[in-house]
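What follows is chain A paired twice: with chain B in the first complex and chain C in the second.
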Partner chain A sequence: MVSKLSGTQRLAYTLLLVALGAGVFVILPHFLSSYYVLVFAEILIFSIFALSVNLLMGYTGLVSLGQAAFFGAGGYTVALLVTHAGIENFWLCLLAALAVSALLGLIFGLLALRTTGMYFIMLTLALAQMVWAIVWRWRSFTGGDDGLPGIPRPDLGLPWSLADNVSFYYLVLAFFVIAVFLLYRIIRSPFGRTLVGIRENESRLQALGYNTWRYKYVCFVIAAVFGGLAGTLKVYQDGFISPAYCSMSLSALVVLAAMIGGTRYFAGPIIGAAVVWVIRSIVSSYTEYWTLILGVLMVVVVMFARQGIVGYFAQLREKRGIVKG
Partner chain B sequence: MPQAEQLALVFLDGVAFSMLLFLLAAGLVLMLGVMNIVNLAHGSFYMLGGFVGIAVGVRTGDFALAVLAGMGAIGVLAFAMERFFLRRLPGNTEQVLFTLGCVYIIWDLSRIAWGSNPQLLSPPAFLAGSVPIGDYRFPVYQLAVIVLGALVALGLWFFVQKTRFGAIVRAGADDREMAAGLGIDIKLVFTAVFTLAGVLAGLAGVIGAPILTANLTLDWQILTLALVVMVVGGMRTIQGALVGSLVIGLVGTVGTFFLPQLSMFLVFAIMALVLAFRPRGLVR
Partner chain C sequence: MESLRAEGVSKRFDGLYALQDVSLTVATGERRAIIGPNGAGKTTLFNLFAGETKPSAGRVYLFGRDVTALPAHQRVHLGLARTFQVLNLIPSLSVLDNVLLAVQAVKPFRNGLLRSQSSYAGLFEEAEGLLSQWGLWKRRGDPLGDLSYGQQRRMELIMALASKPRILLLDEPTSGLSEGAAASFLDMVRGLGRDTTAVIVEHDMDVVFELADRITVLHQGKVIAEGTETEIRGNTRVREVYLGEEE
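For the complex of A and B:
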């Protein structure tokens, strides 16, 4: 985490990387087949999702295995509004989805944040499984395991349609940029610094007079909202929702993505999500053993690569700096 | 209105299910207390135990052998997981995430080995009948599961509270450093506890197979219920695990009988109520 670069150099590096990344993402869809445009949209969506879980895991030190509850809450809110209430307005649906995710975050946070460590892991898991079970069982409302089909691509009232994949990709890209900007600002703010402080030494912060519970609670709700945003975008991409949106496997997958990228780095979850989704889209066209590969990947990362991809390169750069210096 | 006999049947059914949950929750309580980890693969242990038991039971026709095979296989697996992986990991969070990876590996290997169709194990011949309760009949097998569960509960309580090794386990749970400082080989205790929990989960998997079948959805289902049991019971004691199992097993089963649509919801509602009003569980 400690960088040997000076502030200006660091800023220049970051700007260069961001500009390069942005350029690639803007031009990208024109070189890809329609299928891969959707894969990339999905990567951006899951990057938002992985960033949200990493706000808890990497910055605050709270491992949540229930983040899919908020992803599903956002997705199901949109799906139910569109299919049951016939509301087609994108902004209204988005707002409702974010509000429902936030509300769920407020409730689950109250319950789960009474605890820490192992208990927090168990509670987030159990609470998310509760959402899954309700969605699964409440057939008449949520369609059960058949899900809810027939959600059209959003209509933003713009002169062009978002029905084709490239336009939709740009919508997702816009939300991705906004989400990254906001989350970056949050992490760099005094609030974000306090979260890191909680991760490193909670009792010390308490002794300094911080109400750490309140910080964790706000962080939990923010993570829930961004999880809900990711779910909203995903349901518009798929045009369909199923209980898989709030499944345990999804919660685990997004934690894995953050770990592969590196939980201690802002860009980690983005890189991790990209790696996981590229592997998945390649692997699943060759074998049916995706789940096995996922499990092995998780074990290997936990055993041998805990700093993640971004962490590996950061260490490499640091070592080189030392050799040079 | 259902008759009293019918209620008694549902009640007994619920107690039998509670005993399966107890075998898992007891292991989870021991692991949490001593090692401070939650084994997310515990439901997978249950599921795999069932598959192994069925494979052996169907081939040999010997139920006792099936039970031993399930317990042995999961015991060996748990031993290997602890000895070769968990102990090398630096923190509890990493250990939990490792067990999460194992969930996927066990699930996919089970799918490859046994396919997606549910499999059934017949109860042993001497437990195959049923006993009359009023106008109804209740399977002897479920009664045997209740008796076995009660015996294991008693055995575990005796083991933890009254034996030397149990004292070591409790010492490890209370203060790890102090226990290690007193010359207790805490690593050995970890391995023993994790293996014991695995054996119990394997036992539950095999004896549960004639009741619940063995299928690929059990891993998360059972783990979730076992976690809910722990939340309700208080996470720290074998007694708590027993109380939690009875509450959740009975609510789940009786709820399924009266309100099949809402039974899962009832189970979680109880968890939420306990969390809201007695966050440290029913048994403190």
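For the complex of A and C:
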């Protein structure tokens, strides 16, 4: 009975936190200037992105340094459809972007998952660099390093315009909630529990009857789709795309964000993305040395809080609990 | 009725034969021990049965079906399960989570994406049943790594039994166990129904003679004898190459 009671208590506690968090996110834009509303939209977008890379890294133990390939694939699909084909329908563009990301995930996964460990990291990096090289070199189609400008905010046929930053923020928030909901369900599912098993002991999972390769492959493609979703939202926010969307540094930054937040915790990548993008967006407007601050933060995390910010506080609470009990 | 059959199986590593033209048939419900001195090819044969390696020549049959080319994880779904000589569990996950993964492995919903694992009531009941039966239910919440060595050996067997196997491969299951712990482990194996076939690779002769209906003796990659305990004890060739060494 005791464990049941604490279970409901924990549920109530979690719900309260979620409701509070949701409330803050809903009210927030009305207290912020237009610039900060966009910073927050960006944080939500990069949270989705960081969650996608962490499905691979934190849950399956596959460190990918090529996740920006899918971010870029989603973004470029939208940009190309809008600028070249003149397709303005948001849902059509979104669907195409997710499909292209999934397809790219299916192909890259087939290649990268032939290897493990360091070779997997290097292959994901190399494959993403190929995407980057294509958009960089194929100037006539992708605009090269000038990028593709002129992507309008989506028109959902709603009575209000998403050109307004606050309205656009709510669109991003809606997709953030959907992504969090789906990813949370996935990691709690039998499939998600199997991914953790694979991370911890793949050979045992095979001996138990799991086709572990297929689980990793499906996970890779799911991560690609959510990466593509983040890229899609970002291109609509910026109205512009450039090769930076699929750059190596973006791939590295999102891995860093997940690690700073804590890869073993579902909320870790969200917190990490928030911290990293606050530093990037806000600190960088005061000093050009924002990467230095990020570097120091990373060193502190690695030295004093291996499990990231979320992990640090979770362990702190556990310790206090033991002292009390 | 046969459960497991090897037919003219050979395995070469770098030109050397680890197994050479090995044939054996294990009947359904039988307890078969495979023994032999170090380097006799026991582990190689075991891995061929489990599907971890493929033979260089010959065929392996499971319940009369040719499974030579079938990977390990697919053989589980035909009713085969194995334990490992060196503990091969997930120490960082809880005892219950380990068993849940093992039970879930052969369920159709194992690929379920959007429903929480905890919402599958039958899954938990089965895991609880296994852990209660083998006396580890109280430890379900502890990280598996916190269990004693003997308890972890027991977990090896529980994980294998979770898929309700029709044939169980045991790779030196009592290695490293004290006499008392080994005895209680043997009770566990003896407690299995006769609808389960068991193949055991073991060094400990007491364990072998106590458990096995029939014994296959390997020497330098070849079967040199097969029979009951008395037949094996009376076999001069076996005494020469194997028992002689020990005594």
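Here is the rule we go by: the second predicted complex is superposed on the first by the 307 of 325 C-alpha atoms of A that agree within 3 Å, B and C clash if a C-alpha of one lies under 4 Å from a C-alpha of the other, contacts with A are read in each partner's own complex, and residues count from 1 in each chain.
As a working rule, a contact is a pair of C-beta atoms (placed from the backbone, for glycine too) under 8 Å apart; a residue touches a chain by one contact, two chains touch by 3 or more.
For clarity, every value in this text was computed on a predicted model and none was experimentally measured.
Participant: Once the shared chain is lined up, is A:L32 touching chain B (first), chain C (second), both, or neither of them?
Facilitator: neither
Participant: Which partner chains sit in contact with A:M298 here, chain B, chain C, both or neither? Use first/second/both/neither.
Facilitator: first
Participant: Once the shared chain is lined up, is A:Y210 touching chain B (first), chain C (second), both, or neither of them?
Facilitator: second
Participant: Which partner chains sit in contact with A:G197 here, chain B, chain C, both or neither? Use first/second/both/neither.
Facilitator: A:G197 contacts chain C only, not chain B.
Participant: Does chain B (first) or chain C (second) touch A:A133, or do both, or does neither?
Facilitator: Only chain B is touched by A:A133; chain C is not.
Participant: Just chain B (first), just chain C (second), both, or neither: which does A:L103 touch?
Facilitator: A:L103 sits against neither chain B nor chain C.
Participant: First (chain B), second (chain C), both or neither: which does A:S189 touch?
Facilitator: second
Participant: Under the stated touch criterion, name the partner, chain B or chain C, that contacts more residues in chain A.
Facilitator: Chain A has more residues touched by B than by the other partner.
Participant: Which chain A residues are contacted by chain C in one complex and by chain B in the other?
Facilitator: The answer is that chain A has no such residue.
Participant: Flag every residue of chain C that touches chain A in the complex, lowest number first.
Facilitator: Counting only chain C, the residues touching chain A are 50, 71-74, 76-77, 82, 84, 88-90, 92-93, 97, 100-102, 104-107, 109-118, 120, 159, 162-163.
Participant: Mind listing the chain A positions that touch chain C in their complex?
Facilitator: Touch residues, chain A against chain C: 182, 185-186, 188-194, 196-197, 200-201, 203-212.
Participant: Quick one: which bits of chain B touch chain A in the complex? Just the residue numbers, please.
Facilitator: For chain B paired with chain A, touching residues are 32, 36-38, 40, 85, 88-90, 92-94, 96-98, 100-109, 111-112, 220, 224, 227-228, 230-231, 235, 261-262, 264-265, 268, 271-272, 275-276, 279.
Participant: List the residues on chain A that touch chain B in their complex, please.
Facilitator: Touch list, chain A to chain B: 63, 65, 111, 114-115, 117-119, 121-123, 125-126, 129-130, 133-134, 136-138, 248-249, 252, 255, 259, 289, 291-292, 294-299, 302-303, 306.
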